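A quick write-up on the structure given underneath.
Residue numbering begins at 1 within each chain, and the chains themselves are lettered A, B, C, D and E in the order written.
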Amino acid sequence: MSHLLQSSSRPDVSTQTPALEVRGLGKSFPIGGLFSRDEVRALHGVDLAIGRGEIVALVGESGSGKSTLARCVARLEKPSSGAILLDGVDVLTRDRFQASRAFRSQLQMVFQDPFGSLNPAHRVEHFLRRSLAIHGKGGAGGRGAELETQRLLEELMTTVGLQADMLNSYPHELSGGQRQRVAIARALAVKPQVILADEPTSMLDVSVRIGVLNLMRKLRDEQGISMLYITHDLASARYLADRTAVMFAGEIVEEGESLDLLANPAHPYTQLLVSAVPDPARAGSYDPVRRAELRQAVMASTNCAFDGDPDQPCSVEEPVRHHVGDPHNRHWVRCHLYRPLAGAGGHALATEPAPATGPTDKKASA
Amino acid sequence: TVNNSGGTDAAANANAFLTIPREDMGTFVQNFNPFAPAVNPMVQQSIYESLLIFNPAKGDTVPWLATEWKAAEDGKSVTFTLRDGVKWSDGQPLVADDVAYTFELQKKIKGGLEYLETVTAEGNTVTFNFNKPWSPALYEVGQLSILPKHIWSALADPEKDANATPVGTGPYTEVDSFQAQSFVLKKNTNYWQPEKQKIAGIKMLAFAGNDGANLAAANGDVDWAPQYIPNIEKTFVSKDKEHRQYWFPPTGAMINWQLNTTKAPFNDVDVRKALSMAVDRDQVTKIGMSGYAEPADCTGLSGNYETWKNNEVKDNCTWTKLDVQAANDLLDKAGYPKGADGKRTLKDGKPFEFKISVGATSSDWLSVANVISQNLAEVGVTAKVDSPDWAAVVAGYETGDFDSGIVWSANDPSPYKYFAAVMGTSTVKPVGTKTFDNYHRFGDTTADALLAEFAAESDESKQQDIANKLQEEYNDAAPLVPLFSGPEWGAFTDTRFTGWPTEDNPYATLSVRAPTTVLVLTTLEPRK
Amino acid sequence: MHFILRRLGFYLIAFWASITLNFLLPRFMPGDPVSRMFARTQDRMQPEQIEALRKLLGVDDRPLWEQYIGYLHNVFTGQMGVSISRFPTPVTEVISSQIGWTLLLGGTALVIAAVVGNLLGILAAWRRGGAIDSALPPVLVFIGSFPYFWLAMGALYLFGVVLGWFPIRHAFTAGLEPAFTWEFIGDVGAHLVLPALTIVLVSIGGWMLGMRNTMIATNSEDYITMAEAKGLRPGRIMLRYAARNAMLPSVTSFGMGLGFVVGGALLTEVVFAYPGVGYQLLNAVQGLDYPLMQGLFLTITAAVLLANFLVDILYVRLDPRVRSN
Amino acid sequence: MTVSQVSFGSHEPVLDVKNLIVKYIGDTRSTTAVDRVSFSIGTGEVFGLAGESGCGKSTIANSIMRLLKDPAKIAGGSISFGGKDVLAMSPEELRRFRWQDVAMVFQSAMNSLNPVLTIGEQIVDIFTTHAGYSRKESLRRAGELLELVRIDPARLKSYPHQLSGGMRQRAVIAMAVALKPSLLILDEPTTALDVVVQQEIMAQIKELQRELGFSVLFITHDMSLMVELSHRMAVMYGGRIVETAKAQDVYTNPRHPYTQALMGAFPPLTGPRVPLTGLPDGVKFRSIPDLAEAAPGHLVAPFGADAEAAVLEGAAR
Amino acid sequence: MTTAILKQPTESTEPAAARKPNRSFVHGLITNKKALAGMIVMLAFIVLALLAPVLFPGDPSRITAMASLEPSPEHWLGTTAKGQDVLALTVHGSRSSLFVGLTVGFASTFIGILVGLASAYFGKFIDEALSLVTNVFLLLPGLPLLVILAAFLPPGLGTVILVLVVTGWAGSARVLRSQALSIRSKDFVAAAVVSGERAGRIMFREILPNMASIVMGTLLACVIYGIGAQAGLEFLGLGDVSTVSWGNNLFWAGNEGALLTGSWWVFVPSGVCIALVAFALALINYAVDEVTNPRLRKIKTPKITERSAAK
């Protein structure tokens, strides 16, 4: 009954326009008052592409800018710079001030907290109905419309593995997993091409997490929906995503096929993350001493291994991507440098004052 | 509470201060300048004195700083002879020049007195020269507070000086223990009639309203209560029947309900008379004024002018007596028919409706307006009481932008000003232009002639004849609706001081703001 | 520091807004002080006299913007002009002669109400369902439902007039010389009892319930449980851990209250003839005494802003969290 | 209870919980949050308690320290600590018992520190109350404690919000070991933290435990973490313990379907990708019977034979 | 398809949980003793106010009897110094007082909702501007401003209401804003945005329903404020003296020296009515607090029911 999970059903992404592409996305939050010029740089030059029917996981420590990226792409925040291409169309220039309904019907989002993302004042039916109504995906109008809508509602419920009679329930009557399924159904109602899922399982009871992940996979497989799966759980990223991108202090530092990336992490930060995942199967394999060293390396490295190399135009100012291993895996790492970015992120790693200079772990550099 | 010691201890009484509340000043500031817009209490009563004092309660005139006066035959001047031996409280003698200077200052600072051409001081006489025959001048100049030239001429800005330690001729001039909530005036050691300074001094208490002052009076904390006290028999007198008394002589101004005669239907004398007949003045005075006021009659004159009244007019009065039937008939006749709903309509078919404007703070007059409104409902006329702030009300009156209102009137020893303001054309201004006395904008040429005659006449009995004719004219024209003579509030307790004016001994009224107050101050003596 | 600067900026804007309002309000009113005075004294005056009076009092006929610039200039140079109803006393003098009493009355009442109310609130929340918690709140809320002035009048009549326990007017017995003697202070105290008591009675319920509710919320915070787990003594937990945190909202209300002390006791002052600025304001309004009214409003606003600013600073001391952001 | 308990270290249990029942009394109805729960912890042993959110783990922890607040009530059972009956202690005894004998690290360090007191003051509070040290002495010791968890003692003067989440949690751990208690309760001490920091904290706790030799009651729902750290563990469901055994045994051979679902929720980081199934949404176990021994030292609540099939069926829908 | 130990929750629908959250709020209010008492008192006053023209037809300020009569079977609450029936005045007074209170309450709350929602939803510049205005209004000394405003505008209920709303809205706006802000940051608002809802709909259909209890609390507090402040203004003679209301009754009582003459029956009823209404509203308000925040509820002595929860 058990079988290996394949990602072969995917079309070849490299030849097609990606479903979602993010180019050089930057975002700064002003902090302080009306008259303050200070800002926090939460995202900096993020490039990411998600092919059709592809699931990309975005992992990284807390505060590294994962949610900010999702919110910018969902146009809940206004990016400071960069472009968002949905199906090859630059949506930021198309609808300058506000996201259009067309955009909304192409891209949907599922939030982290299933308890917070469903308005407790409405019934389940309301959420789905509104989604259908706003985007005109309900019945075609006229007398049959209501019946058609009803049918669509029930179909949606079945798709996400809920019973149709739950349409009449209030969110507080549902369990966390059921709620998250409703949230997914709501996103599905508009038949989007891309779904952004921001830690959709982290608030769920452990026992039902895997079910939601399986549902997401099923949607990808059956409906060809592309997904950005944001998580800090490397194991689940590996379980679900075709590709995984690692985010660190507002930048994507490494990206590649999930299995390959987690098996051969190139960036010291990725290595640090991987080593920190508790896994009884590797019990005893991790070594706190080694991890502390890694941390130091990440914190302290100030120069680039390729700096000055004429073939590799990589420097502190201009980090570039380096391929890792077999090019077929599309596994690349950005210059390993840890460069503290104007207050953004990095706090988790800055818990202890690090020595100003430390040994650079050459082995770990890309 | 310290003053509540009862009236047996003669020694204590001899040292006690005559305690008087001031109900409309929540706090005092040490400013005894008589030119101040809101003059401190007792400035014009016990610190500065005037040449003569008119006592409306008896209708007589008491010589004060002047011993006698004489009007010129042509009515164009009057000469006062100053009393000998009067000294200022700093020991300097009062001289004629002081009087002349006072008037100079008065004209400069406050204006007015436009008829007064020159004031000449000569020995101990002062002569006032007018630019026209002007008999009403006597009381106006006679009752002005006289100031010491040697003090005031030294001031750069006399109207802005606080005059914190005043120098006057009055009986109690020495300011003592001045605080925001009270102050004391002690004896003037140079007073010209020291035998009459029988009390140790005067203590004024500040109150933020009638309530507090009344409470003090009821509690026996004050000797003299010159403010309106509701249900005085019960709240004040009954607490100490032996010692407490009140006396409300109707010597205040006539309180009128004035109708804007530039507007229809108030330009119709029949309407004015009919409305007047619809008003139940007994109810008005009983409810609005707790029964302490005297209803008006057709002479339009208040109790202040009792001696001037034309008895013939008064006895044959019709339109100031309540007569609903007559009022209805008159309105019907004048062409203001009653509709099926019992409401009258105007000639242009609009409902007979108007506003009565009264300042919001004058609660007694508001009650009056409410009673009038109720009375008018009986004859099918709708009157709505409108009570914005006084400033807004007066602004409306001044520019003629109002329907009707309840207004005081001039109150002088002579009725000249009263009639001039009520029916003289000189005081009428077109709507939109400000007027300061004839708000109802009624002018009558017959009255004009009579008024001119009156002003030129200095003989009292001839003045009386003219006044009679003015009253007849008033009775015919009904320029406004007289309501009642304003009472002069006053109550006292004689536990500590005796010699108060009463109805039987009306040597003064019980007012503390009138010129007669000094008469009381110089009469009272501690109870022995 | 950043926080304080931000607040300072806000207070400056608020101050500007309120002085502008203060400037505009009186000028939208029909009539002028002279006609008002005239109506109150029920006097007949000659037109020339009225004009002279207008000139004397400086009733302004300049265009509004010119007046506004002059006004701003005066505000910032501290010139509030001369009171009209108390002509020629300068406004500053009128205010300064009375503000002390207002501060005494309002301050005493506020401090008593806040301190006692908060203490009761702390105790009630600490002993949920105890005597204080179940009996006091309804009673205090009921008393607090009465209008200030009604209670004041009732207390005045009952304790002052009928029972004669307390003086019924003024800040001290007329004739007593203000001095730092026990006699005078005692006298002032006796005069303070009734007016302060009515304010305390009306406001204490709000303090108590506010404190009680925040304290209950605080009591279920994790750090309280942690403090209990640490085996600390209950008194210490109550004061250092629970009350110390729960008092923060109260501090803000206290700042508001402190500011409003200057103008707030108006009704009480009127009833008890207490010589304070509240009554003065009413008087100024009724006498259309613009300079005094503006001076008072300015003083009150400045006091409110200053008090709030001081509380902000205090807040920074009390709550380390606001220091950093 | 007839079930024999295996404990590490000494055979004398530090903590012995028997048939504990805790109820939350509601307005209309009451919930039994902990239902006849029994376990014991030996000296120096790390005992893990796993289970989903709301299954009663914190309630047990709070009952041990008698910290339960109002609607909660211990309705039955006994808790004995080193032979003393915790439930019978007087308030003063209880006050001394707390922190000296049993200390606790709460679920969220963010909220378990008083925001208006410095870290130093909060540590000093412990010493002055329990050990009767002077302020100066207490401060010195507080500094030592911070060093123990690798925080600069200068941080004593910091307020909680000035520290990062990890530092705060470490400060709380420092506080917990201040009086060298014999039992340390860790109620999900790292859920609010980053994986990396989480690892460091756990490593630190291990180190301290090795050094000071206290027993640990470790509560989490992260099975991987638990299996790594604890000697023995119990899995709770709906207020009941459904399975208890040595941690490795549970990991390699989970018996109860719920335990299996829990294990399945953590995909491995190595090896091939295998489809996993969790517990289907809304599937609930009811009337869980008492434990029975399935293997030596491995106790499982009996469940229906076709349970697994039902679980899978639920997932397939 | 299920065994004894595995059950689908749909088979065991719990009746308690099937309730709509808002309805359980209302239910909580109805079953709360404080709220019940408050609502009964309020209802009584509202009925009284509505029935006033029936109970006491005609103008209540009509002079109907001798002045200052003590309470008697003819005049249950005696008469004023003018001879008006105090009971009629009190009953009619409730109309104006309740009307002003309710209008002020609704208007201030409405403005508060608009400002609070707009502030919270749009954020950024709009929020800064609106908060600034709100805070400035909050800092303006209320009563002095009331006094000044009331004196400057033409008298009448309209003015009183306007003045009270001007000085009263800011408090409610601040409370509502902070609540709206916390709801704004909830994910369901973001979810609504993502699903393409328009601003107005999000503000009023998504955010507002979740503020029901705080809106209600604000409303009640505003009504209390309105009634009390109206009475204070009128007592100072700054209201519309020609209307009949509790504040004006007290103004006249003071004017006619009701306490001085010992006519307590003129002074007491209106004051007690104000207090009762304010108390009733305060009770409801506290009940609202208790219902939404169960921690504030009175602690009952625990009674263990053997009906343990069906897990």
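What we mean here is this: a residue touches a chain if its C-beta (ideal position, glycine included) is under 8 Å from a C-beta of that chain, and two chains touch if they have at least 3 such contacts.
What you are looking at is a predicted structure, and each value in this text was computed from that prediction instead of being measured.
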item	value
Third chains touching both chain E and chain B	C
Shortest contact path, chain A to chain D, counted in steps	1
Chain-contact steps, minimal, separating chain D from chain B	2
C-E against C-D, pair bridged by the larger set of C-beta contacts	C-E
Centre-of-Cα separation between chain E and chain D, whole angstrom	48
Distance between chain centroids, defined by C-alpha means - chain B, chain C (Å)	39
Chain centre separation (chain A, chain B; CA means) in Å	89
Per-residue multi-chain contacts in chain C, two or more chains	29, 128, 156, 161, 220, 270, 282, 286
Junction residues of chain E - those touching two or more other chains	9-10, 151-152, 254, 299
Numbers and ranges of chain A residues touching at least 2 other chains	175
In the complex with chain C, residue positions of chain D that touch it	62, 65, 67, 69-70, 94-100, 103-104, 106-108, 111-117, 125-126, 129-130, 159, 161-162, 172, 175
Chain E to chain B touching residues, read off their complex	59, 61-63, 67-68, 81-83, 151-152, 154-155, 237-238, 240-242, 251-252, 254-257, 260-262
Chain C residues touching chain D - in the complex, by the definition given at the top	128, 220-223, 225-233, 236, 240-241, 244-245, 318-321, 324
Complex contacts: residues of chain E adjacent to chain A	9-10, 17-18, 20-22, 128, 186-188, 190-197, 206, 209-210
Residue ranges of chain E in contact with chain C within the complex	132, 135-136, 138-145, 147-149, 151-152, 224, 228, 231-232, 235-236, 250, 254, 259, 267, 271, 274-279, 282-283, 286, 289, 293, 295-296, 298-299
